[in-house]
Amino acid sequence: MYPYVSFMQNKLKIINDPVHGFIKIPHEILFDVIEHPYFQRLRRISQTGLLNLIFPGATHTRFHHALGAMHLMFTAIETLKLKGVEISKEEEKGALLAILMHDIGHGPFSHALESMLMDDWHHENLSLLLMNRLNEQFNGQLSTAIEMFQGKYHRKFFNQLISSQLDVDRLDYLKRDSFFTGVSEGNVNTQRIISMMNVCEDRELVVDAKGIYSIENFLTARMFMYWQVYYHKTSALAEFILVKILKRAKYLVSQGIILPATENLTYFLYREKGSATDEDVERFTQLDDNDIIQAMKLWQKSEDFILSYWCRCVIQRDLPKTIISSHPFEKEFIDDKIKHTNALFGIDNGHELVHEIKRKLLPYDTEKQPIWLLQKNGEKIKLHESEDQLLSGLMVNKTTRYILTFPRNTNIQEY
Amino acid sequence: MYPYVSFMQNKLKIINDPVHGFIKIPHEILFDVIEHPYFQRLRRISQTGLLNLIFPGATHTRFHHALGAMHLMFTAIETLKLKGVEISKEEEKGALLAILMHDIGHGPFSHALESMLMDDWHHENLSLLLMNRLNEQFNGQLSTAIEMFQGKYHRKFFNQLISSQLDVDRLDYLKRDSFFTGVSEGNVNTQRIISMMNVCEDRELVVDAKGIYSIENFLTARMFMYWQVYYHKTSALAEFILVKILKRAKYLVSQGIILPATENLTYFLYREKGSATDEDVERFTQLDDNDIIQAMKLWQKSEDFILSYWCRCVIQRDLPKTIISSHPFEKEFIDDKIKHTNALFGIDNGHELVHEIKRKLLPYDTEKQPIWLLQKNGEKIKLHESEDQLLSGLMVNKTTRYILTFPRNTNIQEY
Amino acid sequence: MYPYVSFMQNKLKIINDPVHGFIKIPHEILFDVIEHPYFQRLRRISQTGLLNLIFPGATHTRFHHALGAMHLMFTAIETLKLKGVEISKEEEKGALLAILMHDIGHGPFSHALESMLMDDWHHENLSLLLMNRLNEQFNGQLSTAIEMFQGKYHRKFFNQLISSQLDVDRLDYLKRDSFFTGVSEGNVNTQRIISMMNVCEDRELVVDAKGIYSIENFLTARMFMYWQVYYHKTSALAEFILVKILKRAKYLVSQGIILPATENLTYFLYREKGSATDEDVERFTQLDDNDIIQAMKLWQKSEDFILSYWCRCVIQRDLPKTIISSHPFEKEFIDDKIKHTNALFGIDNGHELVHEIKRKLLPYDTEKQPIWLLQKNGEKIKLHESEDQLLSGLMVNKTTRYILTFPRNTNIQEY
Amino acid sequence: MYPYVSFMQNKLKIINDPVHGFIKIPHEILFDVIEHPYFQRLRRISQTGLLNLIFPGATHTRFHHALGAMHLMFTAIETLKLKGVEISKEEEKGALLAILMHDIGHGPFSHALESMLMDDWHHENLSLLLMNRLNEQFNGQLSTAIEMFQGKYHRKFFNQLISSQLDVDRLDYLKRDSFFTGVSEGNVNTQRIISMMNVCEDRELVVDAKGIYSIENFLTARMFMYWQVYYHKTSALAEFILVKILKRAKYLVSQGIILPATENLTYFLYREKGSATDEDVERFTQLDDNDIIQAMKLWQKSEDFILSYWCRCVIQRDLPKTIISSHPFEKEFIDDKIKHTNALFGIDNGHELVHEIKRKLLPYDTEKQPIWLLQKNGEKIKLHESEDQLLSGLMVNKTTRYILTFPRNTNIQEY
């Protein structure tokens, strides 16, 4: 029925994945969720937003990531079973469904746009909301999955596999983003890390002590991916511009200016704050990256200089200048850039084009869901307290970087 | 200036590529062309059309392919130089520019749409037209490249590297499409093939005889990619649907029905046959995949059943059934499917939804640009006439497959 | 207890493998066999003989290959189970043990030496003999494995997985040899091929029809590996020289000449034809590549010119010349080379240094264990009779190549 | 002439390498050195000693590593040239020859054996000694290479590329050892690191500042490789046993006991301390791993319990127990193990079988050849003093681990 999976005799279905090889879909209900339009929408939402402006290979989607994370969950469950952890069919389905749907409420592009579209809504809330809707359509078959997703299921390790400092979500996105960007520094050894997973006292996800270096390697790989890819100054800039564009558009609309856009995007430009209505949800599930790109293509010609400036930056990839520092920039320096910008373009709101963007990262959080090692004597110990650790103890502090963006002199050129 | 390249001291610029590692941009003019909006547009045109419906990883773009092909051209030139073939700076630039721009006239999605939008225009004509426009803007710096592209340059091997049965275009797209689809059967050894390239009599591209198995492997890999990926029955279907949608939309518009679409797409829906005007070209260079996807999203709700049916098929990935055969289908069988379709949907134009799609492939063409081997004695011989060949002589016949598509019973479900 | 495996909680043991990732050892008895000296000996027997003279990376061992094949067997069994084929724990163990031990009787270097050492013994006979010895030591735990290995077990597909045209032995060695030689043309997609395996009528190994191109790709990959690697003219030469050296040594010994060698090798140099005695077996299990290499190092200084010539060829990698042809060489041409050799070295037995080596390959045997496809209608059909096949029907004929070796003029140089 | 290289028209020769793809040999003299018996001997010396007991894939050789390092040197030189650093043909040849020969004096197995065989000789001294001998044979063509190797050449960056904290030797062995062991944590991005190399003031090797994370990733990868692979407790054990075996053998020989061994190894067992004689050198260049393995096979049956015990440990891979700690072991604990060992085997020299092995690592040395970053302003700064560094400043302290080995109860079993 669905030609992108290979229907094998006796029901085993597989999907090609250049990252993990082949992804098996071991239960019918998983397949039913995958074919639902809510999930198919993820095909049109890129995994890494505008990162492809910097890393042209990064055109992969949330759809593929969700499948990949499900694959890793399946591998983790198989490993735990081989180690004697009892996991029922119902639990297996629940865990696979939960991770499959963990991003189902994701909006267009990065997280950054969510608040623009749905105010203070976080995509995990939207995911939950959509999961509940699906659960109705599937007659309650997703209930265990939803419990696990929310952390309400009594065996906590299922939730830890879905969302913690060492969950299959992170394992998949690091490996996948590393693969598609070509930044090999982030290529974590998911196979080995998962083979080292275990469960302690039937509830806590732990890692066999001998896997410590693979875990530390995972933490450093993640840190490098953040600073080299996700928080790369141009990545940070691109994400920032997207938010600025939506903010500006909402502002202009609030001033009575009419902006061309698709019907659904227009709806959200005019939407007032407040809890999500049925129409909100309905329209949200029809929104994807294309609505935003199409809008930016059109708004390049907007009469509002700020809006058209940012849109041209993205569509023509003619990006403003950025400089990065480990200290905040001096107010005088910023003011000077604003003055220069005003002069350059003959405008008086140059401050809209000059910004300090801040990015910070805590490579390893010792407090919130620490990673536990299972020692040979059967006792567990926190990763950074193990005498074998080489780097974990050194990665417990936040790093902050400041990125200043301002127009470059040549930024106004027209072809 | 362009943050996605790493500006190294002394001008060497590199771009990340998961397929080839790193791509160097060795000349300033290459970089200038890359940053031109004509070229940046290729970021929004997928390399393999709707193939990601079948192979979810295949979201890569024409932009990346063009850079990859340029990289292979650079490698080929370096190899030839090491073998004593003299190549001037001007020729090197020309060859790199020509391959960089070879797809610059590519329309949205696959080649299939070109004729819908621009009648009988072929994207190579459009590429040439756009190259000439760019050449004006760059004060004639692209003249040698254009000569090479057209096959007018006196040293023919440059054109053979750009367009022949063993050109760097094919080498890149096979390897790249294999990489992103995860279909490893198409992973050709570009490094080895290029290392075996040579030039005979200062004009003919040849392959050192000892590279014969790599060449045969390349030909079989290509054949497998065609039948397993490009001509996969669902790939063929998806491409076919796209064409049907555009055709139907043009038909409806010609009947006076108004269809929502972006301004530029609308322009082409109404465009009459005829040679390309300046406005045609101007608008064409602003068209990309997003215009088509957006239209399909909107047209799902069209009152025309045929149009809305096809659009829902794509957007919700709820595809009709296909069966494949090495023989044409019987007329009775097809008629029966049409009758069934009419009954299923209560329509009388079911023949619009039932089609036989034909795909044929000649794995190796012995006549048009045959591949030449350079033997130890310095003489050249045609690949399939070498006594060492294992398969080439067997791949000189066309294979044809027939794919019949018709609605499946469940295709009308609504969520 | 065995530090090269990672003992995980609850018994799961894994071994690093750059080819397949990680190899799990799911049963205790497998581990017991691995640690037996008979099996540990395989660490000192290279998988591809002297191929590393041509492909320096090919230093991998029979030990690693046996583990890799066991890993693929495990994957195949898991896949078949997911497709509903019932396989008992006893059968699983049997199949894993059988493939693990399939090469346990392998002698030093390639198959070619076996007949030199043990006359007409084939390594599969020796393997069986050693399996039976092990079975005694392990109290009959290997009985099912031995039945499967011999093809006596009633469910034939287990034997087909161990030894047929599409067995896990071939899958592993092609992928592994491709990996270590760096000849990517042989990199078969084992994961996909195995995912397409199935069982028909509870006894016959079949491949789901949709996997046809992967199977054809496997057959062409194998063919390329033979002509590019195993039957590469220098590979064929190296294997030939090894046999010549042993033959010459046995001849010299039979003439009363004393040759230095390890005790065990000496034993085999003097051994008369006849069925294997206990001492034969005992000594054979202590022989490995090192005995042969050490002998060649010593025999470089032999007073017999022929013996020392061949030994220096290998140890100093100063190989004689080879030419390859698809036709046998003319007798006159060969005689001329012999005359030249006699003159070059001032000897009269130059015919010992001039030889025609013959290699032939049947890429796909339609008669002996043909590959069966399982069609959608549940019926099976032979691969080369399927209407979908692209190349199989073309690979049913033998190809033969003739390689002539003779000394090169510079071959006598001394440093 | 040498069949393992592909002779292409016009002299370009290539060698297959699964790690780097293909290795080009761009100068005739390189090829002449490669074919010399001194260099061919490296084919029989494993790159990582007995590491294949723990990581079965690690059977690669010094020969391949030397070629790989030469390849990286070639890449580095090409990159520097593209950045405008002038490098003459003579210098290029010198640098390539120097790195090609850097390990030519390497003895069998690891560095550990060198002192056993040649007393206080270090393999770099032996390398230099052999280089000088070769230089005579090649009429002084290696003089520049030798100058560079010794650090006497005026442009220091050549020596830094050969031997420093960021030399191509390390880049190759980390990537290669990671590849063959399957420990992906050590897979450094050599291509990117080299593309970031530069030269400052025509003498100092520096790294463009934007490459900082790749350098830090290289340093952490190296650290992980040390603790996970090279200093893995079983690796440390295996290396330790080798030394013990040779030491014991020399002791027994000094006591008048006769041990079977090859003539050359016997020579070194009896050799007295003192500067290297011509015979020493001559015999040394004929020694390789096979001499040692053969001796261990024979010495398994030695009447000396200690010697036979250790030899059986290696050959049968029946290794003693090890425990690891970050603190030295208590004397009482060790004494207890010795007592237990004496009782177990009924011997009185159990202290020979119980040992504390110590391993320490300084991940980054800030003093000796620090790594310099080239900042945008053209000034250089030490890596760990850059404000962008994330980890370097944390890796400046030594880590030490203590490994205690003692026999396991089951260690005496016989098959």
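The letters A, B, C and D name the chains in turn, as written, and every chain counts its residues from 1.
Note that in this section a contact is a pair of C-beta atoms (placed from the backbone, for glycine too) under 8 Å apart; a residue touches a chain by one contact, two chains touch by 3 or more.
Source: prediction; values computed, not measured.
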Key: Centroid comparison with subunit D (C-alpha atoms), farthest chain   = B
Request  = Could you please state the distance in Å, as a whole number, between where the Cα atoms of subunit C are centred and where those of subunit D are centred?
outcome  = 31
Query = For subunit B and subunit C, what's the span in angstrom between their mean Cα positions?
reply = 42
Key: subunit A residues counted as touching two or more neighbouring chains   = 21-22, 192
Query = Touch graph across the chains, line, ring, star, complete or other?
reply = complete
Request  = In the complex, go through subunit A and note every residue touching subunit B.
outcome  = 1-4, 15-19, 21-22, 35-37, 40, 43-44, 52-57, 59-61, 63-64, 67, 137, 179-183, 232-234, 237, 262, 286, 290-291, 293-294, 297-298, 315-319, 322, 408, 410, 415
Request  = Show which residues of subunit D lie in contact with subunit B when the two form their complex.
outcome  = 6-12, 14, 21-22, 24, 26, 79, 82-84, 191-192, 195-196, 198, 208, 210, 374
Ask   = Can you list the residues on subunit B that touch subunit C in the complex?
value = 184-185, 187, 189, 192, 213-214, 216-217, 220, 223-224, 227-228, 325-326, 387-388, 390-391, 394-395, 399
